[in-house]
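Consider the two complexes below, in which chain A is the common component and chain B and chain C are the respective partners.
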Partner chain A sequence: MTMSESLAIELQFSGGMELLFDNKKTIHTKVPAHFRQGADSHAVTIRDLIGWMASHLLKERPELFIGPDGSVRSGILVLVNGADWELEGELEYELQDGDEIVFISTLHGG
Partner chain B sequence: MKDNSSHHAAEELLRKVALLEAENEALQRQVQALRQEQSQQAAVKSSAAPLHPLEKVARLTNSEIARYGRQLILPDFGIHAQLDLRNSSVLVVGAGGLGASCILYLGGAGVGRLGIVDHDTVDTSNLHRQVIHNEARQGMSKAHSAALSVRLLNPHCNTVVHDLVLDSSNAQPIIDSYDIVVDATDNVATRYLLNDACVLGGKPLVSGSALRLDGQLTIYNYRGGPCYRCLFPTPPPAETVTNCSDGGVLGVVPGIVGCLQALEAIKIATKMNTQDPPTMTLFSANSTTMFRTIKLRKRKAECIMCGDAPTITRLIDYVKFCGSSATDKTPDLFLIPLQERLTCEGYKKILETHTPHLLLDVREKVQFDICSLPSSLNIPLKDLELPESIEQVKKRLNAKDEPVYIVCRRGNDSQPAVRILQEQGITTGDIKDIVGGLNLWTDKIDPSFPKY
Partner chain C sequence: MTTTAKPIRNPCNLCQSARAILKRPKTGQQLCKDCFYHVFETEIHNTIVDNKLFRRGDRVAIGASGGKDSTVLAYVLKLLNDRYSYGLDLVLLSIDEGITGYRDDSLETVKRNRDQYQIPLLIVSYKDLYGWSMDDIVKEIGRKNNCTFCGVFRRQALDRGAIMLNVDHIVTGHNADDIAETVLMNILRGDLPRLQRCTSIITNDTSEDASGIETSKILRSKPFKYTYEKEIVMYAYFKKLDYFSTECIYSPNAYRGYARVFLKDLEALYTMRLYFV
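So, the complex of A and B:
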């Protein structure tokens, strides 16, 4: 069995998050299936995805998306296939081909 | 022939009389409504003192049965749910876009006591979404105006006005005297304050928010679900928070979220939703799927507020914690020294003396389209650093070392724009911004210039 080189991931943005991504609410993209850390290689996690998005998809002001710890900045909720990412292992969740990942910025207006 | 024309004239007159009679009747009704409003106004009282507990009843009166009949015959609601509602008290914090619909529906539905917190006053720019207030109530306290609207809708509802800024010094006793709290506020600091006070007081918190075309709804601290801090342990950086006044909001969007909040409060009061797992509902007016409900985590055992070993056991300073104020007003920034700035009066002189210059307007195009000063060049702040933008400014200056004056809506965005142009060495003339922006221009120089 050969491992596929990349995974098809659907990214969605809501609550103003889309303003950082060229005003797109949905982006279909291919993400490398494995990431290298020194000599080791591991299956791509959400942590890898966030860093990859910041360097590949984000046009400007990465600090509005990624925090100093490599997670999303505070005030952003992440969903994995429609559920709170906390239920799926948060940063360590290993992406699967066809996953839908949603980034929601919390709103405060009223 | 002559007969015919006089006949037409008579018909015309009769038609006018009928119109005037209808108008007279409408005006009489309006006068009556205003008289009623006046008499009710005297009955609405403010309360800062602790409340008497809501007096519970065992049965509804005949006039209540007549009023709530359509709910009473609902098999999934009925007289028991209506009684539960009558015997419950709800505190709505914020009588703005979310509060407007939420308060009206809760009052109409038959909540026994409805507390309303707001420190602000009614302004015309609120009325496109805050439909609980009206034109005649400009300048009136929003909490009073909202309570008045409820009394006019349903005199059975006991309204309590809390015309104050909720903070850690006064929030706990107010929240403790209600069964359910609705967060219809517009700022981060008050959202954390309400969360913590609700966890400490053991109250469910029905939280809603709205901006632009989007809305969000969650119930916190309810039936083993998360609190606001379980989801968002640290407040967002202040520069990532947008208010309605800067980001805009379509009036009906907070109205929809406010209705959902009223619904959730009613479901909690009548124990309709005891089986539901914790969720967040997202509303997006411009998406093909307008509503989306997502499953949320349960209460986090390590949460510093509602976890097993909480470290916060009393209310803290939320303005300090969030680094932002407890209102949604945009503050005036002072990023560059006053010598590098021009007052509105100063710019008026420049116009009157026909001093050659370039006026650069750094607002977003959507705002520039509403109104602009003559012969100004529009380049939004976020695009100003792009090479093509700098080229555009250079072209307009046409190699003449004329001064560049920069204007925006409030005089905040124009300040970083001064720095950007200075770094580009675009002219040897002055580069200054106009203090207070176009808003102050209207106030001080030209009242006929639109303000939004």
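So, the complex of A and C:
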């Protein structure tokens, strides 16, 4: 077991996304470095992070954040260390210690 | 110290010399920050020029809600007006529907934009125009079809404000995603006249103005007709523009919300869908 091992991750929220997270713009957190899948364990990916955030950080209405496929709901943009996650492997991106992940809602207002 | 350049992670498709930060929804192209700004602004400039939206000397009101689209529109129009010498006289026009806890806060954002971009601002309120705020109306009729009423009032209030400002033209921040939603809603409702009109980039139409005031000289256009929401939000984020992002307290059951989620889900399947629509 390597459960004591964890990564420091900075989460940022904007475009109305912060309303789901206690109105916090930034959350510094520790995320387990490995996730178990059946008998195996793998390095934490953004997919794991999203599920982990939904169960550990979200106070209410997780369906406004996470979709049925385990990704963020459509209309939410994600940046990994300042770049569009679509350039970084999206859900399969493996988190590194010190990463900064930004979630921006495009759904609010006009 | 070594001067050997490190290979760049995800180099920009245009300049090849900086790290890409955005994958364009339209083309899949990956761009660095500076190339993205340049491409984004130039496409809007091309839309304005190709469609002959403005004439030199036009007085143009920007419909400003404080939200992402109109904030980016005000910023970019100001920038393009200076860069390409359009010779436009820009003003911000905001409508105060009278929705406590929503519009009062977003108007504070517009006031900051007025100061940041140095564009004069006029705020026109439902209360002054009609004697009723949205809060008064909801108190009276309850929570049903609020957005439908409010939308009709807002359109007319924009026209009335435009007359007060003596402008030639009103621009709004409707983007390609909004227009696709509107197309879908008009298909679902079987509204053929609107279906045709809602995709025009520029309109000049008074049929809905029940006030009888002569507004036929005032044009309306949507310079973001070909601009994707993702790029507007990314532009606002990287430029650190000051915008307001809270959902209207009366809107959760609006018809548009369903059309919107449906399209966003389709988008996951068909990247080019907005152009097909």
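Methods note: the second predicted complex is superposed on the first by the 102 of 110 C-alpha atoms of A that agree within 3 Å, B and C clash if a C-alpha of one lies under 4 Å from a C-alpha of the other, contacts with A are read in each partner's own complex, and residues count from 1 in each chain.
Please note the rule applied: contacts are C-beta pairs under 8 Å (C-beta built on N, C-alpha and C of every residue); 3 or more make two chains touch, one makes a residue touch a chain.
Since this is a predicted model, take the numbers as computed values, not measurements.
When both complexes are superposed on chain A, chain B and chain C clash.
By the touch criterion stated above, A:Thr106 is placed in contact with chain B and with chain C alike. Contacts of A:Lys25 after superposition: chain B is touched, whereas chain C is not reached.
Residue contacts after overlaying the shared chain place A:Glu86 against chain B and chain C alike. By the touch criterion stated above, A:Gly16 is placed in contact with chain B and with chain C alike.
Of the two partner chains, chain B is the only one touched by A:Leu64; chain C is not.
In the superposition on chain A, contact of A:Gly38 is made with neither chain B nor chain C. Chain C runs into chain B after superposition on chain A, and of the options 222-230, 348-356, 384-392 or 420-428 the stretch responsible is 222-230. The residues of chain A shared by its contacts with chain B and with chain C are 14-16, 74-75, 77, 79, 82-84, 86-87, 102, 104-110.
Residue ranges of chain A in contact with chain C, taken from their complex: 14-16, 19, 74-75, 77, 79, 82-84, 86-88, 102, 104-110.
The part of chain C that touches chain A in the complex is made up of residues 10, 19-23, 30, 65-70, 106, 173-174, 178, 229-230, 233-234, 237, 244-248, 260-261, 264-265, 267-268.
Against chain A, in their complex, chain B makes its touches with residues 94, 96-99, 184-188, 191, 208-212, 214-216, 231-237, 239-244, 247, 249, 254, 280, 282, 284, 287, 294-297, 300, 328. Those residues of chain A that touch chain B in the complex are listed here as 14-16, 25, 63-64, 73-75, 77, 79, 82-84, 86-87, 102, 104-110.
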